[in-house]
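Two complexes are shown next, each including chain A; its partner changes from chain B in the first to chain C in the second.
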Partner chain A sequence: MHPVVRLVGQRLGIGLLLLLAVSVLIFVGTELLPGDVAQAILGQSATQVSLANLREQMGLNDPAYVRYFRWLFGVLHGDLGTALTNGANIRSEIADRLANTLFLAFWAAIIAVPLAISLGLIAVRFRNRWPDKLISGVTLATISLPEFVAGYILMFLLTVKFRVFSPISTIFPGMSLGDKLYAIALPVAVLVLVVLAHMMRMTRAAILNVMQSAYIETAELKGLRPFTIIARHAFPNAVAPVVNVVMLNLAYLVVGVVVVEVVFVYPGMGQYLVDHVAKRDIPVVQACGLIFAAVYIGLNILADVISILANPRLRHPK
Partner chain B sequence: MMRIPVSALIGLFLTGAFFFVAIFAQWVAPYGMSEIVPGADAWMPPSREFWLGTDTLGRDLFSRMVYGAQITIFVATAATCVSFLTGSVLGFSAAVIGGRYDQILSRLVDLFMSIPSLIMALVVLSVLPATLPILILVIGLLDSTRVFRLARAVAVDITVMDYVEAARLRGEGTRWIIFREILPNALSPLVAELGLRFIFAVLFISTLSFLGLGVQPPMADWGGIVKENKEGLVYGVSASLVPAVAIAILAISVNLVADWVLNRTTSLKGGRGA
Partner chain C sequence: MNDELARLIGFIDAGGMSRRGFLTRTAAFGATAALATGLVGGAAYAGEPKKGGILRMGVGGGESTDTLDPALAANKVTGAANRQWGDELVTMSPDGKVEPRLAESFESNADATQWSFKIREGVKFHDGSTMTADDVVATFKRHSDEKTKSGAAGIMKGIKDIKADGSTVIITTDGGNADLPYLLSDYHLIIQPKGGVDKPDAAIGTGPYKLKSAQAGVRYEFERNADDWDQKRGYYDGVEILVINDSTARNSALQAGQVDVINSVDPKVAKLLSKAPGAKVSAVAGRGHYVFIMHCDTAPFDNNDVRLALKYSIPRKELVDKILDGYGSLGNDIPINKAYPFFDEALKQRPYDLEKAAEHYKKSGHDGSPIELIVADTAFPGAVDAATLWQASCQKAGIPLTIKKVPDDGYWSDVWNVKPFCASYWEGRPVQDQMYSIAYLSTAEWNDTRFKNADFDKLLLEGRSELDPAKRKEIYAKMAEILWSEGGVIVPMFNDFIDAYSDKIDGWIEDPNFELMGGKVSHHTWFA
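Showing the complex of A and B:
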């Protein structure tokens, strides 16, 4: 078997194992409460009958491992269970919201990735001069901002001081693409701001690392223009680390999205998760947690696979 | 005399000021934490009486910010202590004992790091009550995975040194080797990491409270104060921006100090966790 195929196969296998282990972790995480889950959900004033009913409904009378496998079996068959609070089918509740969240993350990624890479290239081209220092300084500041701080500052500036956007980013089926994009402009801007800094700094570091190679000096001595050297000679050799950083930051978007959705009241997965954590709706939390974890792990595996494919040294391991 | 760069000095000064306010909150704040001042209206603009204006219930925002600083900084400091104690003790012992113990711990940490901490915290907080000790434990333990990685990486380099070998041959036990041989030599990279972990804890607790799952009313940390006052923003009341900006300034100033410490110990560090 070709070593690349084997390596990629290994990564995918590890990813699946990891996902299984994470499902155990999430399940155990919701079992942590000492005492009775039903009591915790219904509160102290619950009657014995309602407690017994809830225990029956949640299957709490079975031992934990039985419940785990029942849950896992359901998830593998596309059945995420029903929400405790309103008895709705979680899968149909989630479907639209997941699409909304991915829509948001997709546009953030489309804008952030090229912007970060070009800013990184510019910073390397003018390293230690004012454009580099300006970019580094601004990104150092944005890296320290939590998502909701960036969100409210942007919201204050763009919806209150200058009435450009609406502070609530609701989208619903039937809106045209343009309207949707206009509605999500602010949350997308916040997400871009949050991941841009990290992505740009790592891109800069990766390219600077390559810039010390002998062939870059050769290219300089041939008299090539500085930007050509960076774009044609340095960047292709820095692709593997850059792709890795890009993927890690896209995975980070998964976390950012939770907070940003709450800030802008956006009907996505993050808002759904946070609402139901507050309501102690455990099946919903388990399902959402698993989906977020799966996306996160998936992007990380994808990063591994791409860097295997992009790096000749990994393609021919000794 | 060592030279301290201006940026680090600014960072040190601001961080010190925040800690001072947090520790002496009772004397700094003109009003009580949840005291509704008679005659005060909701969302009054800043005045001589109310330095930062009033909040959504007509409480003095400055006083709430001061007490909020106390809670935010207390939770973050305690969580940082938890994460450092657990992370470094487990990391060092994994490096010293090695073998299966190391394998199990390292794989477990890999597992915890394979999902975002915020998601894991949300899952756990869906069943646990959001009291201060639980919040501190959850944040500290989730963050200790990063300290574990750093501590283990640094300690693995140290355990192969001759003086550790000499101590082993002398017949010293694991505890001696961890505390007397490894700890003093691993201290500087860990101290540099301390600042980064502290910021992380501040951002974590603020985010949780902002989502309404962290510090519960009537207590409030900065994230909680943002949440309480967010409705005012659309009417042009900037009350929720005050704690937001405070979080950012604290994070940036600790970052400045941490950057300086990190640069000074670059040659010693075993790796920098994100």
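Showing the complex of A and C:
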């Protein structure tokens, strides 16, 4: 078997084991939350009778491990169960929400990743001169700004002062792609601002590291143009650390954008998860947790594989 | 009365009183809100209703866990959504009276133990079936069934029997209940075909708008019900409810013209928003109030002097000014205010009096150990700040109040109605009997102050079956007096409902029953 295939197989196996462990952790975590589902659903309007009825109906009286294995069995059969709170089918609910989240993450990534890498390359080309300082200064400023502040500032300027965009990014089935893109313009802008600096700085640092190597000096002595040296000779050797940071940011775009979702009223996974945590809707929390964990683990495996493929020494081990 | 009206109108012209102040004062001497509003330049009734347009509402307070089953409606968004497609038998009018809706009329026997509701004829559900007395009976049975999860289960508890007799529904209660029609205006009790037993969240009702699409926690879409039984409402072609939980996002959506009306405006920005171009702010004094609750059976709160010391030490005026930014009114340690039908003005307002507080505290013989108040911001907006202000004034009176701030998560299950001293809120109920019955009767499940007073209980039951308004008023005055002097509840303030709407909307009425015109903004307004 080719060593790369074996390696990928190993990673996938470990990833699955990790997912299983995560599902146990999530379950234990939800068990430790104060209060119970029935109380959380009925809130202040709970009475003893309605509480007892609701608990019985939801099977909350069974021991924890029974409920865990019942759920795990369902998941392995592609059934995420129904939400305890409103009886909705979790799989179809999550499918909509996840599609929205991926839609937003996709457009943010497709702008942010090339932009960050190009800015990193430009920063190296003009290192320690004004373009480098300007790029670093601006991106570090935007990453330091909390997301909701950036969101509110953009909202105030571009929706209230000048009515260029809409402050509410709610998208729903039946909207055309153009309408959807218009609706998500502001959250995409905020997300780009937030993830830009991390990737840009890593690109810059990794390439600068490589720039000290002897073969770069050779390239310079060959008389190549500085930008060609950076893009053709330095960058391919700096791909591994950059890919890792890019994946980390992509994972963040999928699982960590709840604040942006709230500010722009975007119906993604984050708000969905938060609502269900507050209501102790354990099946939904577990499903979301599992999906988020899968996204993290999957993107990290992808990063590893790309790093290996990008490195001839790892690609062809002796 | 006419002289009094003339005086008040003069006041407004002179700029001495807001329209809202005018309404509250006229209500006090019995002029109806409609009459009063008509007198003030008739602004709200300026144009004739026009049909057309889509009303877009930005409503906060929804979650992706929501369902359209009216029995489980528990937040502002589901409340607003259900108002579009459903009707109750009766509803509360803006002037606090019961108005027949799907019931044409109602009456009771002499001791208020049996009520009969004549069901309106020719009303059709959205699915084309005709509404009958049987549907009403089935609906009420679903909410009062022993296995029900309905939020209205508590108020249906006193009902012994429900039956249909031709086109009349006859309801028999345990002991008399003069307030039954008020109770049936509860927002959970929307009449559904066959009681909605088979598909409770189908959103099939008799309302002015039909459901087109629903995404919990995101968006609801409605279209006009052309066959609505009541042609004097529902002027829009459709209604769109966008769930916007973030207060700032709601404000900017209104300012940017993306929605036409929003609810729950933060009092701190209400004044600014009212100056924004194109936006109008409506603040209405309702029955909702913020409370600090002490368990009367737990030390040190079992000592009435400790309770009184705390009651005198709370800076009510400062709390209304700083926590509500003036959008509210002083509370008087009873859960009742002017918005209630049998409110008695005679009870004097408890002053902010640190000397008296210190005096009661000394008399209580309390050992000086810290008195711990548990708060979280979920108790009411600004609860933690309110507690801090209160603590400062307690220090001046020598009362060792300490604050324990806890997370919002789990507050309603682990602190409220469990711990002896914490912050909370009540949305209020349409009538005294109901408010007192759910939280101040000895045996009430939500007796969150553990207040047990035999005289109070006796008066409550007496008042419930009393049909003579004068006598009822007297009874409720006595009860207020007892609660005021011995109760475990501290009511520092009543909060206003604050909504904001676009100036394109005409026909806005201030309705003290709930925000968004008692939920009926899409029924009774139109685009000018």
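By definition in this document, the second predicted complex is superposed on the first by the 283 of 318 C-alpha atoms of A that agree within 3 Å, B and C clash if a C-alpha of one lies under 4 Å from a C-alpha of the other, contacts with A are read in each partner's own complex, and residues count from 1 in each chain.
Convention: a residue touches a chain if its C-beta (ideal position, glycine included) is under 8 Å from a C-beta of that chain, and two chains touch if they have at least 3 such contacts.
Worth saying up front: this structure is predicted, and the values here are computed from it rather than measured.
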{"item": "Touched partner set for A:F264, first chain B, second chain C, both or neither", "value": "second"}
{"item": "Touched partner set for A:L145, first chain B, second chain C, both or neither", "value": "first"}
{"item": "Chain B versus chain C as contact partner of A:Y272, first or second or both or neither", "value": "second"}
{"item": "Touching partner for A:A238 - first (chain B), second (chain C), both, neither", "value": "neither"}
{"item": "Chain B versus chain C as contact partner of A:I282, first or second or both or neither", "value": "first"}
{"item": "Partner chain in contact with A:M155 - chain B first, chain C second, else both or neither", "value": "both"}
{"item": "Which superposed partner A:A303 touches (first chain B, second chain C, both, neither)", "value": "neither"}
{"item": "Chain B versus chain C as contact partner of A:L191, first or second or both or neither", "value": "neither"}
{"item": "Contacts of A:Q48 with chain B and chain C, given as first, second, both or neither", "value": "second"}
{"item": "Set of chain A residues, in rising order, touched by both chain B and chain C", "value": "33, 40, 152, 155-156, 159-160, 167, 262, 276, 278, 281"}
{"item": "Residues of chain A defined as touching chain C within the complex", "value": "33-36, 39-45, 47-50, 53-54, 57, 83, 85-88, 93, 96-97, 152, 155-156, 159-160, 163, 166-168, 170, 172, 262-265, 267, 271-272, 275-276, 278-279, 281"}
{"item": "Complex contacts: residues of chain B adjacent to chain A", "value": "111-112, 114-116, 118-120, 122-128, 199, 203, 206-207, 210-213, 223, 226, 230, 233-234, 236, 238, 240-241, 244-245, 247-248, 251-252, 255"}
{"item": "Contact set on chain C toward chain A in their complex", "value": "58, 63-67, 72, 74, 146-151, 153-154, 201, 213, 215-219, 242-246, 248-249, 252-253, 255-259, 409-410, 412-414, 416, 445-446"}
{"item": "Residues of chain A defined as touching chain B within the complex", "value": "18, 21-22, 25-26, 29-33, 37, 40, 140-141, 143-149, 152-153, 155-156, 159-160, 167, 251-252, 254-255, 258-259, 262, 273-274, 276-278, 280-282, 285-286, 289, 292-293, 296-297, 300"}
